[in-house]
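So, here's a batch of structures to check.
Below are two complexes that have subunit A in common, paired first with subunit B and then with subunit C.
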Partner chain A sequence: MGKQGNNSFTGHIRPRQIRAGALRLRATFCLGGFSFLAFIVLTITGVLLLFYYQPGDRAFASLSEINSVLPYGGFVRSLHFWAGQMMVISVFLHMVRVVWSRAYRPLRELNWITGVVLFGLTVILDYSGYLLRGGQESGAAATVGQALFTSLPEGQALATVFFGQPSPLNGSTLNMFVWHVFILAGAVGFLQMFHFWRIRRGGGVRPL
Partner chain B sequence: MDLIESDRPQVPAEVEQSGRQEKVPLIELQVREYIGTFLWLGLLFALTASFKVPLDSSPKAAAVSISKAPWVFGAIQWLLQRWPAWLSGWVLPLLSMAVLFTLPWWGRKVGKTWAWIIFLILSLVWVGLTFLYWSESIN
Partner chain C sequence: MTIDQSLYTRRQVLSLGRKTLLVLGVGCLYPVSRYLRAKENSLAVARIASSEMPLKTNWQRLGQTRFWLRQGTDGVEAMWASCTHLGCEVSYDSVQDQWLCPCHGSRFDRDGQPVFGPAISPLVRAEVKEKDGFYLTSQKV
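And now, the complex of A and B:
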């Protein structure tokens, strides 16, 4: 890359030299980086699960096969589950750290708002993943979510767009699958990149 | 997406000052990042190996009465069991999100300490309700 590398996006995210203060663990507790790491693990394990998972009526059966028939299938599914839970927790703790260190103040306000959106999307991603499990518990959770939407004016249409038509015994639908795998995960991925870019622009180093 | 220094917005004094701090090579941060990544992945693999994630009840099995939410929505579920859906499912969560969005504004309006207290109370209420729901669901 040469000299031009310093002006590139990579050079911007990964400068050659950083402030000594950025090395302190207490500066970030690495929580933003851990959240991103969880997202990477989720993406990798999610792609692996995509090869076998089938949304809709076959959801539970395909997950059973992944769990018990495929070599390491249960392990990959568990890894996906635990990375999801750890992402929710680390994003929340990251928010606590940001408020504690008052890192939401001017110049970083937009990044705070981006972070709150990311937190909301992470929670919804966790919920949509729960529905894709396709069992009776997911059906019950989908029913509650649908009931919440239908309590709104024009809520029925919104509920259909988001949930599709799940049964009370199976929350997995093609709609929920598309939201979970493409729309929500894509939005989280894009917003994270924007978040990191803003961190550098605001004088920080990078996520971790 | 090139970004040259002249494009940068006016930075406040504190950031300017931090820019004059002692600089160290990036590799020193990278070493810490690798150690952090290693430890975090270790914890994730330990969790995965120790706690097997069970399947839900089969949709083809006899239907059982289930009113269960993923733990991230446990607080809302706990509220839904007691208060109307419009309040528990919409007003309170959206109000909480609105407070979070406007926290920088609260920081300027009522002071940083109060902004921290507002955030702390909000977090403790939601985390507390989540634990309450979780403890009730396992009993």
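And now, the complex of A and C:
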């Protein structure tokens, strides 16, 4: 059914030729791939959480409900949290590997910049996800972030665009919710696809 | 690199990986469906502090819910304001002393009996319990 082997849609992901050196684990330690795996887990668990999470005043209450009342709710939430932590760590280690193996040099500068932007977005996603928790520490973290923003020129407006109107006790707002779920996650997804395309266009690293 | 026949080929590893993913995916179906269906058919509940309870004999809505409360002959009575025709939210009009449904024009008298329109069953009452200074209203099972 459909095209066969490497000519099919799923088959096109696998490369036709592999450089012998690319098969060694020490080439990349699979760090980039692991980061993407963590991202996929985050997306799926994130969508599942979206069914019950309510941003704003009911954030902490809806999360408590997910934790205690819903079947497998605590598992989904824990997966989301730990996948997030692992993604930040593995993206950072991946960056260290790229620097170590000098894979940022011409002609790969654009991909390197894309990677750095992805790292920044990942960290911001981690931070914004923490605000969405809706606890007291979230409120404190949001206050700190807001203060940082207002120190910039036009800071007050910027702070409202990003944080909305969080209370000192609850960092979760509709604004932060939209940034975390749609804008930032969507941007990371899109940039990842671009990042992978650049790698494969240049001959690829490890086979999938 | 020499080829050792007792090792797996790459094709076999990938095929095993595909099967594992499939098994894991199918295995996720049951937990995810339980997670998503958890609130199915859950009954509505609401509460109001006794001190805020309006002591009127006319029906009054409780907040934004479909519970309407009034002081009856023996205690507090509650009505579940869903039309028995197709479930639209009905409201009590104190001027006409009737429950009115906006969808197909059903009307019920003050106690919930149908008087006009496609509805033929009376409106359903809700349960009221008093506990620790609160009135707890819940949909009937």
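Assume the second predicted complex is superposed on the first by the 191 of 208 C-alpha atoms of A that agree within 3 Å, B and C clash if a C-alpha of one lies under 4 Å from a C-alpha of the other, contacts with A are read in each partner's own complex, and residues count from 1 in each chain.
Just so we're on the same page, a contact is a pair of C-beta atoms (placed from the backbone, for glycine too) under 8 Å apart; a residue touches a chain by one contact, two chains touch by 3 or more.
The structure displayed is predicted, hence computed values, not measured ones.
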So in the superposed three-chain picture, is A:W112 touching just subunit B, just subunit C, both, or none of them (first/second/both/neither)? first
Touching partner for A:P153 - first (subunit B), second (subunit C), both, neither: neither
Looking at A:F81 after the superposition, I want to know if it touches subunit B, subunit C, both of them or none. Which is it: first, second, both, neither? first
State whether subunit B or subunit C is in contact with more residues of subunit A in the superposed arrangement. B
A:L70 contacts which: subunit B (first), subunit C (second), both, neither? second
Which parts of subunit A are in contact with subunit B and also with subunit C? 20, 75
State the interface residues of subunit B toward subunit A in the complex, per the touch definition above. 1-4, 8-9, 11-12, 15, 18-19, 21-26, 28-29, 32-33, 36-37, 40-41, 43-45, 47-48, 51-53, 55-61, 63-64, 66-73, 77, 80, 85-86, 89-90, 97, 100-101, 103-104, 107, 112, 115-116, 119, 123
Per the contact definition, I'd like the list of subunit A residues that touch subunit B in the complex. 7-9, 12, 14-23, 25, 30, 33-34, 37-38, 41, 60, 63-64, 67, 74-75, 77-79, 81-83, 85-86, 88, 92, 95-96, 99-100, 102, 104-107, 109, 112-113, 116, 119-120, 123, 126-127, 130, 133-141, 144, 147-148, 151-152, 167-170, 197, 201-203, 205, 208
Subunit A contact footprint on subunit C (complex, rising order): 1, 31-32, 34-36, 38
The answer for subunit A against subunit C in the complex is residues 20, 48, 51, 69-73, 75-76
